[in-house]
Amino acid sequence: MQLLIQQILNGVAVGSAYGMFAMSFGLIFATMGILNVAHGAIATLGAIGALLVVESWGFPLIPALLVGIATAIIIGLVTDRLAFQPLRARSNPLGYLITSIGVWIVLISVAETLLDHQIKTFPPDFVSQPRIITSWVYLAPGQFWLIIVGGLSVVGLHLILSRTTIGVQIRAVGYSEVWSRISGVSSSTVVLSTVAISCGLAGVVGILSSIAFDNVAVQLGEGLLLKGFAAVVVGGFGDVRGAFAGGLIIGVTEVLGAQYISGDFRDVITFGLLILFLIFRPQGIFGEVKFGAIK
Amino acid sequence: MNGFWNAYSANVEFALVAALFSLSAFLGLWSGVLSLAPIAFACGAAFTSARIDLDHPGLPLMAHLIIGMLVGAALAYVSSLILLRLDSHYLALATIATVLISRVIVLNLPQYTGATLGTPVTRIVSTWQLVLILSIVCLVFNSLRKSRFGYSLDAVREQPEVAASIGLNVLKIRRIAFVLSGVVGGLAGVLQSQLMQYITPDAFYVDLAFVSIAAAVLGGAYIWVGAVVGAFVYAALPEVLRPFLGNSKNIANGVILILIMVFMQRGLIDPVAIKRITRRLRNSIASPSQQRTE
Amino acid sequence: MKRIRLILCALLVGLVATPLSGGAQVSAETATPRAGARCDKAGDVNGAFWCEAKGATLIWTDNKLQKGTYKIGAELLLSGAAAFAGVPMGRGMEKAVAEINESGFLGKGAKLQLIQFDSAGSVPNAITAANKFIADGVSGIICCSLSSQAAAVIAITKPAGMPTVIAAAVLPNLASPPFIHRTVLLLGGKGGWQPQSAALMAKALRATSAIVVVTSDNQGMVADAATYVEGLAGAGVTSITQVKTAAADTDLSGAASQIIAANPPMVVIATLGGPGSRLVKALVDRGYKGQIVGNYGLSDTTNYAIAGNSLAGVVMPTPFFAEKATNKIGKQIVSWWKANNAGAYPSVYPLQGYTAVYYLATAIKNSGDGKPANVAKAMNKIGRFETGYGTVKFERGQMKFAQTALPNYVVWRAGGLKTVWDLKPTR
């Protein structure tokens, strides 16, 4: 019983990482209809930004986190301006995918070069608190922060989207760009805010995951991308709470599957779920059928 | 010339097969569907061919190619029953999911595929055979383009509602295109496995899928020639730019992709632009007094 | 009188011709013994003949290599998850090549050229490397850190008749003369140092249960795990469970939780270095108090960079313990590495590269013309060989210690140093 609870907690920790990434990825997809395959690379580059300041100048956690987030946001805004903005006038969804592939190739190369093609890590005890050790369960510091920040981010993001002006505008544009323009929403402000929030969140996930799993590598971002993609499908696009829930579901089933069925079965479960949902309920558990509108 | 061949023969051969992958991606686009699934079909075909080669060595190339095309077609047909029901947005995602799942299936059938270790493949195809195969496929595409089916594809792509209203069965046409993409994909998979001489679960994964569709769109998503041209340009670019950029050649590919999509969104080979240019040329060649307004 | 003068002349020639730079495994000599020179002791080493007379040793070979540049191809892991092993290996190779060229090891006017190829751990890339080297006309290939790569490369080089030296992969039974040789001391075979270290720990603990963690998608590790299980069973451990991980795993919390829940007195780690270090960290973080026995994949400073002081107390057998290197070549490697790496001790990887290059170079030298077929023939003739590990011999292409050697069991200590294991529980 204790092992079951422990494994569920492990699943919630890794699921929080998937969930946060799913929210950031899903936000862009739902609002702007862009399937951004470069999003994982943005998370990786956020982690690399933080790692660089820690390695070169010994930054502590919070400043390093801020630097990493800023890196991710800046890269996101720049690539949006250069690669996606010019396509906005035309309504060619294919174009976005191809451009995002181009961005992905560029960002991966930059990340590999910055990492010197190695797998690096943050210093071993970079985040050493808090360590939850009770007779029932154990949570490593990295896991703890993933769960806490994950919870805060889903609540925070939901509040932003439902209560603040910009949030409402983002959702309006996601629903229908034409009508929101008629109501006076400036789509360029919305785009900037969406990209900033989304990439900032991606940066947070990248840094926290690389601390929790002890590696900074391009594969980390790509892994998050694929699992986040599955989470968004399972949980549903329209609502960030759904995307986060999808991430938790995938995380927990993955860990429990590895424990009780076999270590080799991790990915079977994840992508099996993915295919089942795509066939039978493509809008996900919590999603609505309507789709992204800024083209 | 000999030195060039020694240095670049592998690149040329891989480019020839990449052209086949791009053509398979193009077939989806031709019917108005963004599909990355041909890579998954290629995966199935490649591992089947490799397995059969291990159990029955010495089969001729033609046998492997036919096996590959049949497996690809079968997988494509079965997937089309599930996937083509979906709305276009979810369809694209579902085809990505198909590629992800193909890898998981490979990993979990160790007797069939060798799982993480992979499977060795004996190479029996020669370079000129590759050229021949590509040429035949191109001829098929060319005749397809001028055929009635080709025009139906154009109609379904541009205006599916109108096509339906004039009596074209959109679903059936898309299904046929899907199965054809499986045939070409299966062919490409078998040939690719022979060039690599060893296939692992990562050999036919999302990176190959993205590159194939990117090359097809880069070259021109509105005509089959574009897929071939795109694949060659995509393969040649890093080598051409190597003296200038050294090892950051991959960045160049990404940048070129972005630039093409921003400035030439219909790709390098755009039939509409070509028509416009040839018309202008024809007009300027004809003497001024004989110029006609069209 | 004449005989003494003869010997003195030979000695003088030998002294003059001995190269000044240190580290050469063979004092390169091409003087032929004068008829009548009597040796107190004689034999063959490194494919050459040696003669000891009046306290001095002359080494010479009858083979002369033609002038020219001889190419060797090296397929390495310079990027990717195992680059922490590949990069030092490459440096060891470069050092060997530089020494060989400076000291004239190959003979007058004969130079060695090393062509490196980064396979990044992928099998198709290793195949491309092998084909490229064959097309480039190399005299021999050094390859293969991963067992999967080794199998694929051998499938190409063996039919092509290209001599191949496997420098790191540990999958059993890879060596296959005349073309495929391996310069790795295997610690994982039955009765080898690895299962022995596990058995010794089990006996010291009087353990009745143990867990073996294995990278289940790496054939070399799977084979190692099987011998561990055998060794543990032989030491009286009755309950042995295997926990499977994958080479690409980065989240080891699930495996760690499983182990903590079972709480065995000892854990044996048969994994690659990356996941292994992460597992040790995860275990220690969760308060695991039992003993941990690992392989030399955990013995590098990069492992310490990942897991820090969690590694303290982990026992590892290694073919080369730099901190206590006793033979001449080993010591030279250590001082070279320390001089270029801010005083840090090397792990086994630079020596793996260095040894492989010297082995191949010796075969090239003795081949007379550097052609692959003759290089292979010469390689097969190499019986005993001096290395930084000690004196080794080659049996059916596989490198082994020439005499039974004392195992190097080392233990990580807090602060990043390693010491010799005293065969008692350490944590």
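Letters A, B and C mark the chains in the order given here, with residues in each chain numbered from 1 onward.
The definition used in the following text is that a residue touches a chain if its C-beta (ideal position, glycine included) is under 8 Å from a C-beta of that chain, and two chains touch if they have at least 3 such contacts.
In this text, all values refer to a predicted model and were calculated from it rather than measured experimentally.
Relative to the C-alpha centre of subunit A, the farthest chain centre belongs to C.
Taking A-B and B-C together, the pair of chains sharing more C-beta contacts is A-B.
Between the Cα centres of subunit B and subunit C there is a gap of 45 Å. Centre to centre, using the average C-alpha position, subunit A and subunit B are separated by 30 Å. Annotation for subunit A: residues touching 2 or more other chains are 264. Shown for subunit B are the residues that touch two or more other chains, of which there are none. Shared contact sites, meaning residues of subunit C that touch two or more other chains, fall at 217, 246. Contact residues on subunit C toward subunit B in their complex (touch as defined above): 122-124, 127-128, 131, 135, 148, 151-152, 155-156, 217-219, 246-247. Those residues of subunit B that touch subunit A in the complex are listed here as 29, 34, 82, 86-87, 89-90, 92-94, 96-98, 100-101, 103-104, 107-108, 206, 210-211, 213-214, 217-218, 221, 248, 250-251, 253-258, 261-262, 265. Contacts from subunit C toward subunit A in the complex involve residues 78-81, 83-84, 120, 216-217, 243-246, 248, 250-251, 253-255, 257-258, 260-261, 274, 277-278, 281-282, 285-287, 305-310. Touching subunit C in their complex are the following residues of subunit A: 2-3, 6-7, 10, 13-14, 112, 117-119, 121, 123-125, 131, 133, 138, 140, 143, 212-215, 217, 219-220, 223, 255, 258-259, 262-264. Interface residues of subunit B facing subunit C in the complex, by the touch rule stated above, are 6, 10, 115-118, 120, 196-200, 202-203.
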